[in-house]
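Each of the two complexes below includes chain A, the first together with chain B, the second together with chain C.
Up next, the complex of A and B:
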């Protein structure tokens, strides 16, 4: 089932939670709504579910207007951040809850309900916990029960509100991979809300980046990362280093440092900020003709095959920079023996003085 | 554990106060009742006035508790589930019975529904007598004990949030099904606790009931009123027997309350 959101608006008193949001989710896609807290993503999800009423705009399922359809008739599966399991019911009764409420004509027989619950428990890999109560489960188990319960009525739309938000890092990682696989097994159109960039990137077919009640960008994970539509998107997706200086049409300068940049006239003379992602730079013992950025190593941390290095600019700039190098490359550099080190950016994102994103450039 | 002598002294003082002010009087009630043996107590218990007072007390409580149970649930539901103008005002208003002396409440009812008032006159023309009869006594008892259920439920419902109710709605539950299958199980122990408190108040109420009952012997005397009456008649054994009975009801209530508090925590 496809989901369309058309010009949805919502305010809470004087606070505008959503400004004119439009969104298109094709059938069987898994879409991540990504944004910081307060960006309106949960409100949007609740409007799609029917738990919240929009001030204006429409919600359509398969091109059918459901804007005024009651939440109980929309037949969406919903997973809450805090699980919202019925604490007085066992795992099996939680999952069977919706099935037992069906009108007599649609309700499966007792035996069929039991079989369906067993299948769902198998799907979420909790076969032997049917008789437990929610208080006796771990966070990850509760979330899987919540998911099984949401799938019990075979919804064609599945909505997940920060589904892994309350879990620890290791469990999160396992669960999101599992969700991705699960989504490939069953045919359902899913929207999930998250503030975790990595989660959105790893799980989603498409990412919708939101900020202050607006959609900043919608695209595949690769697209939003490689071609961010706005400064916010660039900023929000992963760590960035911000280099501030002046541009004269050929060279960017800050104190003793300079970069030779050809922006083909896209950037006006004057103040020019450059964004640098940690993995898009190298270190060397000598500067090049195009890049002269002296730095000193202020700290390092090794994790797996990557070394994260903190660099203090020498004679320019201000804040400490963060760069990620391949461990083999780092060891070959023998940084402790070098009298000076120079940062060599491979790719930079220009940000003009009015805050817009300019072209992406490389020193040459 | 306390580590210094003055901490122990404070605890001892607290115990002494409780024994002196609460336990001792309670023990004395029973002692006084049985001062002349068991026979006079049994005789007092079998008197028709006593039997009538016990029945009347139970009837008043039996009407008051369900009414206030429904009222309390309704109020707590509205206050915690809907955002509306005057919500704060409503939660303040339900505390009026706590803040006001029961005697004042009784007088207010007398002024509004008594035969001197327009409303009372009109009701009297239709042969309906509220004051100095059972209906009036029930009305004031409902008044003085109405905040308990709501007061117990509101903070609980607020802390539990609405996620479970929303989950049920999304699974197709109607408003009634949500209440019956989700909300009620969530609040059941607190609800029983509220009922126990309401019942204790309803059984023990003296001031307000005293004003509207008219103190008609054998007709409008509840146990607390009967105690006062017997005491004034110098019927010590009768007064203390009734008092002992009331105290026993209170202790049972207290026991129930403790059990329910414990259940609620689990």
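Up next, the complex of A and C:
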């Protein structure tokens, strides 16, 4: 089932949560709504579910207007951040809740309900916990029960509100991979809300980046990362280093440091900020003709194959920079024996003085 | 001995002192009078005891007391739930006042409540006149007893249900809605189902309290032997006749009933909620 959101607006008192949002989610896609808290992503999800009324605009399922339908008639599966399980019912009864409420004509027989519950328990890999109460489960198990319960009525739309937000890092990672696989097994159009960039990138077919009640960009994870549509998107997706300095048409300078940049006239002379992603730079024992950025190692953390290095600019700039290097490369550099180190950016994103994104450049 | 009882080291010292004081207080205020009562009863012999409690007048008073208390508890279960619901779920001017007024029956001397109710529900009272037009006699009947009992025990229901109701998060009701539950189904299958233990406890406490209610009831009951005479009153009458043995025998029945009820409520409630809490 496809989902269309047309010109949705929503205010809470004087605060505008959503400004004129339009979205198009094709059938069977898994879309991540990504944004910082207060960006309106949860409100949008709740409006799609019918748990919240929009002030204006329409919601369509398969081109059919459902704007004025109650949540209980929209037949969407909804998974809440805090699980919202019925604590007085066992796992099996929680999952069967919706099935047992169906009108007599549609309600499956007792045996069919039991079979369906067993199938769903198998799907979420909790076969032996049918008789437990929610309080006896771990967070990850609770969330899987919540998911099974949401899927019991075979909804064509599945909405998940920060589904892994309350779980610890390891469980989160397992669960999101599992959600991805699950989504490939069953045919359902899903939208999930998250403030975790990594989660959105890993799980979604498409990412919708939201900020302050507006959609900043919608696209595949790669597209959003490689071709950010706005400064906000660039800023929000992963850590960035911000280098501030002056540009004279050929060189960017800040104190003792300089970079030779050819922006082909795209950047006017004057103040120019450069954004550098941690993995798009190298370190060397000597500067090059195009890049002279002296730095000192202020800290390092080794995790897996990557070394994250904190660098203090020497004689330029201000804040500490963060760079990720391959571990082999880092060891080959022998950083402890070098009297000085130089940062060599491979790719930089220019930010013009009016705050927009300029072209991406490399020192040359 | 005390060292054995101490299961976990606490940052605050003083377990020994506070524990001893608590035990001492419980003995002085609760256990000692109770054993006095038990000794009185034990001294009278089984035949005498049975004679007192199976006397028709005693049986009639048991019946009046238990039936009125049961009626009052049913009223309180419904009204108390409603009050707790309104106080926790809605924001309206005067909500805090309403919340405070719920405790009034606890604070008010029960005799004052009894006098007020008797005046209100007398055949020519503000409310009583309307009831008498409708042909219902409130004062000097078991209906009056029931009203007096429900007045004094209402806070038990409200105050036990209220915290549980405050604990129920709205997302559980929303979850029920997305699963196709109508508001009615949501109320009965989700909210009421989760409130059952608290409601049961509150109603049980209210019932127990009503069994022993004296001050509020005697002014409105009329106190006709065999008809509107409650057990507590009969105990008092026997005491005034210096018949301590009979008074103790009757009192022991109320005491046993209350204890059985309290332990019963406790065990039902803990059985219901233990699994929900993850035991």
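One rule holds in what follows: the second predicted complex is superposed on the first by the 364 of 364 C-alpha atoms of A that agree within 3 Å, B and C clash if a C-alpha of one lies under 4 Å from a C-alpha of the other, contacts with A are read in each partner's own complex, and residues count from 1 in each chain.
Note that a residue touches a chain if its C-beta (ideal position, glycine included) is under 8 Å from a C-beta of that chain, and two chains touch if they have at least 3 such contacts.
For clarity, every value in this text was computed on a predicted model and none was experimentally measured.
A.B. asks: With everything superposed onto chain A, say whether chain B and chain C fit together or clash.
C.D. replies: Clash.
A.B. asks: Would you check which partner chain A:72 touches, where first means chain B only, second means chain C only, and both and neither mean what they say?
C.D. replies: In the superposition, A:72 contacts both chain B and chain C.
A.B. asks: Have a look at where A:133 lands relative to chain B and chain C in the superposition and call it first, second, both or neither.
C.D. replies: Only chain C; A:133 stays clear of chain B.
A.B. asks: Determine, under the contact definition given at the top, whether A:51 touches first (chain B), second (chain C), both, or neither.
C.D. replies: The answer is both, since A:51 touches chain B and chain C.
A.B. asks: Check whether A:82 is in contact with chain B, with chain C, with both or with neither, and answer first, second, both or neither.
C.D. replies: Touch partners of A:82: chain B and chain C.
A.B. asks: Applying the touch criterion given at the start, work out whether A:316 contacts chain B, chain C, both or neither, answering first, second, both or neither.
C.D. replies: neither
A.B. asks: Looking only at chain A, is it chain B or chain C that touches more of its residues?
C.D. replies: C
A.B. asks: Once the shared chain is lined up, is A:98 touching chain B (first), chain C (second), both, or neither of them?
C.D. replies: In the superposition, A:98 touches chain B and chain C alike.
A.B. asks: For A:342, decide between first (touching chain B), second (touching chain C), both and neither.
C.D. replies: A:342 contacts neither chain B nor chain C.
A.B. asks: Tell me which partner A:258 touches in the superposition: chain B (first), chain C (second), both or neither.
C.D. replies: neither
A.B. asks: Would you please give the residues of chain A that touch chain B in one complex and also touch chain C in the other complex?
C.D. replies: Common to the two interfaces on chain A: residues 49-51, 71-78, 80, 82, 84-88, 97-98, 101-102, 149, 152-153.
A.B. asks: Show which residues of chain A lie in contact with chain C when the two form their complex.
C.D. replies: Result: residues 49-51, 70-78, 80, 82, 84-89, 97-98, 101-102, 133-136, 146, 149-150, 152-153 of chain A touch chain C.
A.B. asks: Where on chain A is chain B touching in the complex?
C.D. replies: Checking each residue of chain A against chain B gives 49-51, 71-78, 80, 82-88, 97-98, 101-102, 149, 152-153.
A.B. asks: Which of the residues in chain C end up touching chain A in this complex?
C.D. replies: Contacts found on chain C: 169, 171-172, 174-182, 185, 189-190, 193-194, 196, 275-278.
A.B. asks: Under the touch definition given earlier, write down the residues of chain B that touch chain A in their complex.
C.D. replies: Those in contact with chain A are residues 161, 163-164, 166-174, 177, 181-182, 185-186.
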